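Per-chain residue numbering starts at 1, and chain names A, B, C, D, E and F are given in the order in which the chains are listed.
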């Protein structure tokens, strides 16, 4: 039995609140249980150097945690003067994941800058970030269309992410912090709405895992992401 | 007439939500109109080097803004690798203001670290931060007493802060962003519940201001802070 | 009685030496008693990005202390790799103060960069810096006129600064280091030659101070600054 | 057909040279075709703070590339003053991979610091690094045993890594730079000698990939890693 | 007798391997005994700001050591976030030495960036770097001529470097690490093929040295450099 | 004829003012013509890690230039966030030079930290720094003896430095900025009072120089340093 009392294939309660703050073109509060992340999408009418003159746009992401989003206060990265390796790894992952469903040509020479800031952490901040960031990105794109800067959406598909892991020998879905801390294997999976894999990042913290376990984990992730995409669709349709 | 349609001596709607996030010993969301700041207070059972062995504790603060808390996205300070002069100035101000009402001897050799993170900015983020941080600090102290780490409160008084300025020749209270941008003089005032001045920081952005104007600004601030202290008392009494 | 044996409203001996070093367009050594600051003004025929194409110029300041300008050697900021919050706060204050008396339109698209470097500190380094920087700025402007780069002065007024504080219950003017260390309240006041307030920064280090005390401090500061402006006028007239 | 003319399941020529430099406790040059990495293992008789007093040791890794190990010269990270996100991601991966086969309790309170420095890059530098680092680590452990600092080996298994990808629709093994640049999907797989998965990191650079493709990639990786482990065994047995 | 058993005026075995790595325009492994340095020369068709529009090119150098090139592992400079004073001093020396034999006008507006990375250190890394860098530079220039980007060589002369020192009272040539550590005076001398001095850097680590000793050291260096230039000529002629 | 109209072997006017600032244990203003450097020596009753428990002390130096000490304003190193290679090279040179005449055993486990800050630069700032720093160091040592912390002086000899160069084919002494800018070869020589060489750093900026020229330069330097040592002796005797 999981500490969270959830079934092995059960997501935490997922809530997505659009228009959470007022300035950003897209602004979403996403909650995976007690994990809460503010995702904003900001449109900038310029591109980074490697895209200048290419006719293509760019989508990039940054990630941060409020110092006391966690059980123990973490040092503020702005005060330390650098982002940790973990932060950089996560924000690169979010950016790659989002770009997988964006037609950069159709976006035109502009950047959508996504910020994912964790205000309360309870495991799964990177998967919540990707899932929420997609909704913020969608809102920013809708605004570009409404403002007649785009005639069609550059979004090719939905994208969402979930963690899976082997907890006390059993593959389980969507680990919270307590489960994650006591888990041998942790895998983050990012998939499109149509079921394609975009990222798979699996790490055996304890014992290595077998091919059979990997297959079970991938099955769980596929089913979980299908539910997340349905939630995204509902909230965007509303 | 003010852009906000408020009277010259009228505060924005102030809301203080305690227990906003779950990990911190004190956690408050404070809203001055559209300005929203998360203030957390974290207790650490150690002190910085200059207090070691002194028998005294320390209270310090850090301040940050989410990149898209503002109309234009600001660069993330963690990514830039340093905190701006403005950020440091504000966090030093918050720390000094809070320490003015704390008996560090009674706090004992521990640190209360306050974090003020702006999730939406519309003027007055530093005054909202100080006002909200006091409530978070109070909650953290209450928890120390409840946990029997302290027998009496080291808090000597309330503390709150408000901005005042001269808008189109008229002294007004609690400037929002639009008013602040078009304001000749901006003064931030920090006062205790019993009416003592702790900080006065006035800057003439445009024309220098006269002694008579300064007196009018101080009158406004005194009255505004009295209201804020009453709100703090209500919310802490609840 | 003050440790310095001065009357409550008595300045330290103020000396301003123009043309102190040979390279800068304006170069001044200012002494407030044992506090000695070299202020230079450098003209650069370019402006920072936010002023490009605006037709306006810019005036900015940097501040530093020699490592052994103080009783205990301080770590060199260049070696530490960053400027402290205090340094940034002071240099922002100097820059704002000077800009308050400069017509940036008349200055044209050029920058005057002021450097204030403390070679000996005995309290009041920021007020001495502002007061001396004005003279260096004036000399740089005079040179621009003499070189026919400007036809009229962009300087609208004099500017000077002084500290006041409450020492053993008595409001006193121009605190030296010993007085400042033992002082409950410290206020730095920046005013123009015609008596307008540009900056007021008051901090209660110990007990908060009353409105009556604030009024007394402002009276002292006004009188002190009038004397400093007279000294500036004399030295520039010479 | 692959640009390298290799079969889909064919590794590049792998060469491992032990005792490559003279100072390190383990020093290996590993070549995957034209990719050449120097892997050294240094024993330090201390542990990082989070392991002090735990009775356990630590294994960690750092990664670097000589500036002209690549086709275009890259900026030197020491000169830029920071390691890129990519560098940090890779060195964290190497460290986690090695720790997966080390019994930290048996290692005792000491650190083995592994350095992987790429002197020539042609794709697969991280997989070559892991594969070579294991041999250097093994040599360092052997020296600890020979020096009677350890009585039994803390190494629980072999560890090796390989990349797989989908090149022009076909799953292929061990991508070189040209193949990697033109590849839709890239997956790095780290496995133990006994066939357990330690890390799987798959990224769809172009189109997302299906579950069937994922299965094919994992099959290729398993077979490739079995060959690498055999080579490691041969070279260590020699 | 020297620890290395060499005669006072005897160089270590010097080996220069051209075309050591495949990407750089010039790539050399130079060995002075156990000191091994990879020197690469990279051609970039741009110049730093101070040369733009001048019609002249630039030659510059960077230097690094692999962390375990030394007996004790050194901290990686990229991880520390800055290059040590020693590193900067050495790379400035290498750059100046190379520029002494390059006609920057004839090079045209391009930069040759030389990287010297020590893979194994046993004393004399800076002198080996200069001596090897010259050969890499020569290869890069030859490629520019072969590619018809230059019609004549901008190289005016050979350049090489050697250390000399006073070991137990006796002036000796080309110190290895053991000799260097126990040596009172260390001088690095850089000379052209035609016998001109380009750099002399002598430091008395222990007792100051006399004019007579200086003369003896300069004699040794002149003879040693003549041998190095002959080796450079042989290897380039091959 | 030299631009300075001096004879080839003529020093600029050298002035040394002791007790220049009031806080430091040794404080000297040294002037070599228009080059003016403040040298302070600060005693700290602790040693850096590599000397702890050794019974020996340490002498170290830092160097800086005020931003407008030069003809063109230089960027402030504290604002840039790092010291240039040149700065580090110079401060290492000053530190080594001073240590050459200090018996660290006799100094005991304390550090003398020397700061050399250039307030006006006109060539030769590093040689003036060394020459002035010695006097500041001497004053700090004298104070230690007077305070009965030392019973005998750890200073073994005088130390001074001068530059020499080849200007228009003629070896000349003590180059000022104009001469230095137009000079083919520049050598800085540091010698003890008894005539031993401590540092020789010669660089051919233009044409390499011959052995005969080197001998002439060394002759000039020896004579110049003898004069400097005499001036140091006079000023310390006074």
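Simple rule for what comes next: contacts are C-beta pairs under 8 Å (C-beta built on N, C-alpha and C of every residue); 3 or more make two chains touch, one makes a residue touch a chain.
Heads up on the chains, UniProt names are A, B, C, D, E, F = Ribonuclease PH.
Computed from a predicted model, the values in this text were never measured in an experiment.
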### Query
Can you tell me the least number of steps between chain C and chain E, where a step is a move to a chain it touches?
2
### Query
Compared with chain E, which chain's mean CA position is the farthest off?
B
### Query
Where centres are the averaged C-alpha coordinates, which chain has the largest centre distance to chain A?
F
#### Entry: Computed distance of Cα centres, chain E from chain A, in Å
50
## Note on the structure
Between the Cα centroids of chain B and chain C the separation in whole angstrom comes to 28
### Summary
Taking each chain's centre as the mean of its CA atoms, chain C sits from chain F at a distance in Å of 33
### Task
Enumerate the residues of chain F that touch no fewer than two other chains.
81-82
### Message
Under that contact definition the chains make a ring. Starting at chain D and heading to chain E next, list them in order.
### Response
D, E, F, C, B, A
### Task
Name, in rising order, each residue of chain F that touches chain E in their complex.
82, 85-86, 88-89, 91-92, 96, 100, 187, 191-192, 194-204, 207-211, 214, 218, 222
#### Entry: Residue ranges of chain C in contact with chain F within the complex
21-24, 27, 34, 36, 38, 40, 42, 44, 62, 64, 66-71, 73, 76-83, 87, 113, 115, 117, 119-121
